[in-house]
Each structure stands twice: as C-alpha cells, then as structure tokens.
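The next part holds the structures, each set out as structure tokens.
Presented sequentially are two complexes of chain A, the first with chain B as partner and the second with chain C.
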Partner chain A sequence: MFRKKNTAGVNSNEIRAILDEKKAKMKLSLKACAHCSLCAESCFLFMGHNKDPKYMPSYKFLNSVGVLYKKKGNVDKLDLGEMRDLVWERCVLCTRCYCPIGIDIPDMLALARRICRSQGVYPQYDRE
Partner chain B sequence: MIKAKIKPVQEILDAINGYEKILNVGCGGCVSVCLVGGQKEVNALNAELKVHLKKAGIQKQIDGYTVERQCNESFLKELDNKILEYDCIVSMACGAGVQHMAQRFSKIPVHPAVNTVSIGVDRDLGMYEEKCRACGHCVLGYTGGICPVTRCAKGLFNGPCGGTNENNCEISNEIPCAWLDIYKRLKEQNRLDDILKVYPPMEWQNQSPRTIIQEPYERRYLALG
Partner chain C sequence: MALSHIFSWTFMYDFIRGPMVWISFIIFFCGVVFQVLRFMSLLKEQPVKKFEPGPGNIIHSQTVSHLKGDRVKTRWFKKGPDKKDWMVWLKLSIAGVNPFMTIVTTIFHVLLIGVPVFVLGHNILLDNAFGISMVSLPENVSDFLTGVVIFCTLIFLFRRLFLERVKMITSYEDYLFLSLAAAPFVTGYLAYHQVFSNYKLLISLHILSGELLLMAVPFTKFIHMIYMIIVRFNVAGEYSFGNARKNW
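== the complex of A and B ==
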C-alpha cells in the first residue's frame, strides 16, 4: 500500500555512503540469492519458531539490506523501525547461518544493523 | 549473560587525560542488554564527559561508535579505517571485548569504561544477580542448581564451613548460606545423598587462559595447530 514517507531525522546520504562501502559485495549477494531456502534450517530461531519463513536468514537479509539498496537509502523512520525488528528481534547475529552459494548473510545483517544505528534506530532494552 | 557496571566518571576522565581525540566504542552484545555499554550508553557517557571537560575548560574531541560485538573479529573490522583518526579508544565492552580491541588496534591505547562484574541473570530492569563464575567445573547437577562457587563466600565445594551464622553466611546477616540452601533444595527433591559426594578441590592455582574448541570442530582447528 502506498504510504507517504516522512524522512525527517533520516540522513539518506549517510545511508548511501555506508551502502557504498560494501556495494560490490552487497550487489553480488542480492543477485546471487537463489531463494533456495537452504539457509533456513541453519538458523536456530527459524527452527525455534515453527519454521516461520520470516525467520529465514535470506528473508531477513533481503528485507533489510535488499530494501535499503533498492530504495537507494531513501527510507523513513518507520521503514527503519520495521528493519530494526527484523535484524534485532529475529536475529541474534550468531553468525551461524549457512549459504550454499557462499553469501555472507551475517555480514549483510550486520550492515543493516550498522545503517539502523547510524540513524539512531537500535534496540532500547530499557523500553521494550 | 555478562554483566558490567560503569566506572566512576572521574576514573574515565583520568584515563583519557592527555589524549586529544577519543573514540568511545560501545558493544551491541551483553553490555547493551544490561544497559551499560550499548549505543545509548555511549551517547550518555560522551555527553557526561563533555560536560565535565567543559566545566574544567578542557577541549577534546570525543566521538562515539557502536559495533555489534567487540568479542568477534568480524565486527571490529569496520573500525579499521575509522580508528586511525583517534589517539585513544574508550571501550564500553566487557573485559573480553576490551582485550580483543586492544589486540586488534595494538598501537592505540584502549581504556575500559566499565567494570565487568559477573555472569548473571536479569532480576528486573536494570537489576542483575551474579550466578556463575565460569570456574570450568560445573557441579550444579549435584547441588540442586545452586552454585557453591558463586554463592558461598569461600567457594566451598564440599559442604558449609564452620562459620554458618544461623541461616546466613558469616560475612553478613543478609547473605543466606549457600550450603544451607543447597541442603534445603536437595532435601525437597529427596536427593540428600548427593550432598555426601565429595569432590576434589578446584585447582584455582595454575589457571591459565582457557581456549575451548567444541568437539565437532576439533579436527578442523587441532589439525591446523
């Protein structure tokens, strides 16, 4: 559904600069993902949540870094908030996810976290 | 998880005395969860340091940055270029993170901003209780899930000392005797036989830093070694 973005408080240039640091790796990773779902069972959170597809490492990576790349960093706080839930609530960054093609999923999720942090979006353990 | 406590601000100010450009690095791991060394706390500490420095009429550049975990090499990589701009690092991670940081950036002084206190549990928001001292010889199965190393002031492995003070420890009337609690728990479970088992003393002396390799990975790492 179309939603008018409120980009106040978000520095898209800064997001783009961070994305650019890993552009080659990110582009290749996004392109290489074959949606094979073989990474799924290497994620203990996926297994522990009745194999909910939203916990699949590929889902988390495509819906965080993938979205940031596709939108060229033009996201608002709401987008980043959704991303925060994805990369912190559904991932503990244990770095154990396995991709048969060799995509470094933890590195991509860490990149998404770094971007969220750069915009002041991160978990507030005393408020949640 | 690991629990830590912020150092007194004066101690941190003393540590950064003499440095012009300081990077305060937070950790998104355990210290973030126990509300002492995450991104929010980095911002708060930087603001506090700046106020103190301003009052004293001292000019310094203090910046903040938070990595996902300071105890994992792959997350420290993103600091490689950034760190070159600074002449001192303040780390808000646990002792492991601080050492890891100091090892990777060995040419720059690294100062801890927190005291690593324990491995503990969350009692309530902002309230944590020590539960484990990582002694490397877990006997919880025989002590009813109460750790004698952590809970007993003397870390006794085989029953209480002679100083048991009613139901409490001889060091304080407010600290319950660990071995009395172990006795009660085992009695409740009808397992008092376990308390009679004698364990050899812990070899605290000769302890060197422990590196563990999980069994399925032994072939991988030990073959390389």
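== the complex of A and C ==
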C-alpha cells in the first residue's frame, strides 16, 4: 500500500487534463455513490464469476476513476496496470449496469480506459 | 460578552435551539437550491432522434413486423403487456433481484424523511412558534417507527461490516454518515424514553445532530438525495423516469 512510486513514463498533467474534461460529472458521481453494492447483480461478469466482488460495477468505478481522482493523476505504471485489468479484463462496456442512484458507470469506466490509453497502457491482444 | 459565558452550558443550549436551527435550515435550503441550479446548468438538452417507421428511416415497419407478432395475436382487451411480462419485468428489476435490501432501503428512506415531519413533539414546537398546526402521528406509533429506522440502520451497519461485497467498497466516510443519519433518531429515542437522567444533554445532542445532518445534505455523500432525483428525471437513458431528454 505504501510502496515507493516510480512515476517514470506517466504524464500526470495529461491525466489531470483528461479528468478535468469531465470533472463535474465525475466529482458528483463519486460523491453521490452510496457504496450500497446494489449494482452488483446487474453485471453479467459478476454473476458469471461466482459473484466475485471484484467484478462489481461500483468496485470497478471506485478503483479506477476514483483512485485517479483521489491521487490527482499521480499514479505509476503499476497502478495503471492494475487499472488496465480492471477496466478491460473485468468490464466489456456492455452498459447493462444499473445504479439505483443513476450514476453513469459505463461512461466513467470509458473515461478510465481513455486515461490508460493516453499513457500507453492497454491490452495488446496480438502480443499477450 | 465574556468568553466564559460563551462556553457556558446555558449559552450553548440556547444557541443550539435558537439561532443554530435557523442557520442549519438556511444552509440546507440554500445548499439544495444551489446544487439543483448547478446540476441543471451542467445538463444540456440533447437532440433526440425519433425512430419512426417508414421508408428511408431506420425502422421499417415491414422489416420489424416479426417483432410485434405476439402483440398482434393478443386479444383486443389485452393490448398492453400482459401479466407474464410484468412478472418478468419485476423479476429482473432490483426489487426482484434483491428484495430484502429493496424493502429495507425503501422503509428506511421513507421513514428518515417522514418520521421527523410527523412527530408530535416537533409539531407542538411548530404550533407554539408559528401557530402552524400539522397532522401528527400518535406518540406510540412514531416511537415504533423510530425503532424501525434504528433497526434498518443496524442492518446497513452489519451489511457493511460483514458482507464481503459491501466491505470492499466501504470507506470511513460511510460509517461516519451512517452514524450521522442515525444519531438524531437514537438520541431522540433515548430522550423520549428518558433513559438517562440528563434529559437536557440528550435533547441538545438530538437537536445538534439533526442540525448537522441538515447542513450535511447538500455538500456530502447525502447529495445522492438530490442527485438521484435530478439525474433519473432529466438525463436521458433507459433507466430514466418520465421523458428525460438531457445529457451531461
């Protein structure tokens, strides 16, 4: 948790600039999320992976955009690598997730994907 | 005014039940109005493409006629979705997937707003101050309903503590705001039953926690109260209510 950060190759300013584009929506969505976990069952990957909480839409949302916002873009490649697994491996952007409060989770995950992609972190299907 | 007087018990008590009530109500209402206006300025009207059947349009009545095959066959008095459709709809809705939590949250949120408005004690104060006579619940009913609210809060707390999927996304904020939401009810319950001999302390804690709760609504996690109503009724999407046609 408290490991030393090696921020080489990550442009925090660029991340911040992308975050700022959707600042109002992201901030309000993060604030409004009541952490109720009622969105869980609407995700087919959650249901398909034996109800593993790591596949919950709110978990993915809070641990990608939430972390980026909290750290103000000061993340390293390791963080972004974890985020890559979160937003590409555990989400297919099918936009089926249902939030009782009305948070647009797919849009937030798409934002996280955009940020990862801007830093050169994305799945390379031809090499892996 | 001496400093010792400001920190004295009587001054604090008078401040909490006097000007502090006005301050908290003003902050609450101004905050809510501000947040609603801010929300509405963020949302923009989106041009909506209406899908109408016809040549040249995306939906052609002949090509999609197979989609309404069932509808045609139903008898004339049963034109809408029939009972089976409603059952499927209910089963797939959040009430069907998670019925226990749906019931608990619905009861909790209705009572959280409803009980303080209809409690006899509050309405007597209103009557004394402004001569507004409100409908009130009998005392034993509101007492029972307060117990229900506290029970629902305990369910939420145990969910947060022991259910893996909620535990994973819980932060200290959640405990803080859950206890803040429960505090006026717990202190009010204890004060009404005069559990401790110091009634005055409990009732001032009750007033203070209620004021803090009101002031916290527009600026903290409680904003989901405003967010939910604005977003679900205004932002276009398949889960929106009414004819929402705006977007961020």
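By our rule, the second predicted complex is superposed on the first by the 128 of 128 C-alpha atoms of A that agree within 3 Å, B and C clash if a C-alpha of one lies under 4 Å from a C-alpha of the other, contacts with A are read in each partner's own complex, and residues count from 1 in each chain.
Basically, a contact is a pair of C-beta atoms (placed from the backbone, for glycine too) under 8 Å apart; a residue touches a chain by one contact, two chains touch by 3 or more.
Because the structure is predicted, anything quoted here is derived from the model rather than measured.
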Examine A:Pro106 and indicate which partner it touches, taking first as chain B and second as chain C; both and neither are also allowed. first
Per residue count on chain A, the busier partner among chain B and chain C is C
Scan A:Thr7 for contacts with chain B and chain C and give back first, second, both or neither. neither
Which partner chains sit in contact with A:Asp126 here, chain B, chain C, both or neither? Use first/second/both/neither. first
Based on the superposed arrangement, let me know which partner A:Arg114 touches: chain B (first), chain C (second), both, or neither? first
Within the complex, which stretch of chain A touches chain C? 22, 24-25, 28, 31-38, 40-42, 51, 53-54, 56, 58-59, 62, 98-104
So, in the complex, the side of chain C touching chain A is made of residues 39, 42, 94, 97-98, 101, 105, 163-166, 168-171, 174, 220-221, 223-224, 227-228, 231-232, 235, 237, 239-240, 248
In the complex, go through chain A and note every residue touching chain B. 93, 95, 106-107, 110, 113-114, 117, 122-126
Within the complex, which stretch of chain B touches chain A? 28, 32-33, 35, 38-40, 66, 68-69, 72, 74-75, 78, 125-126
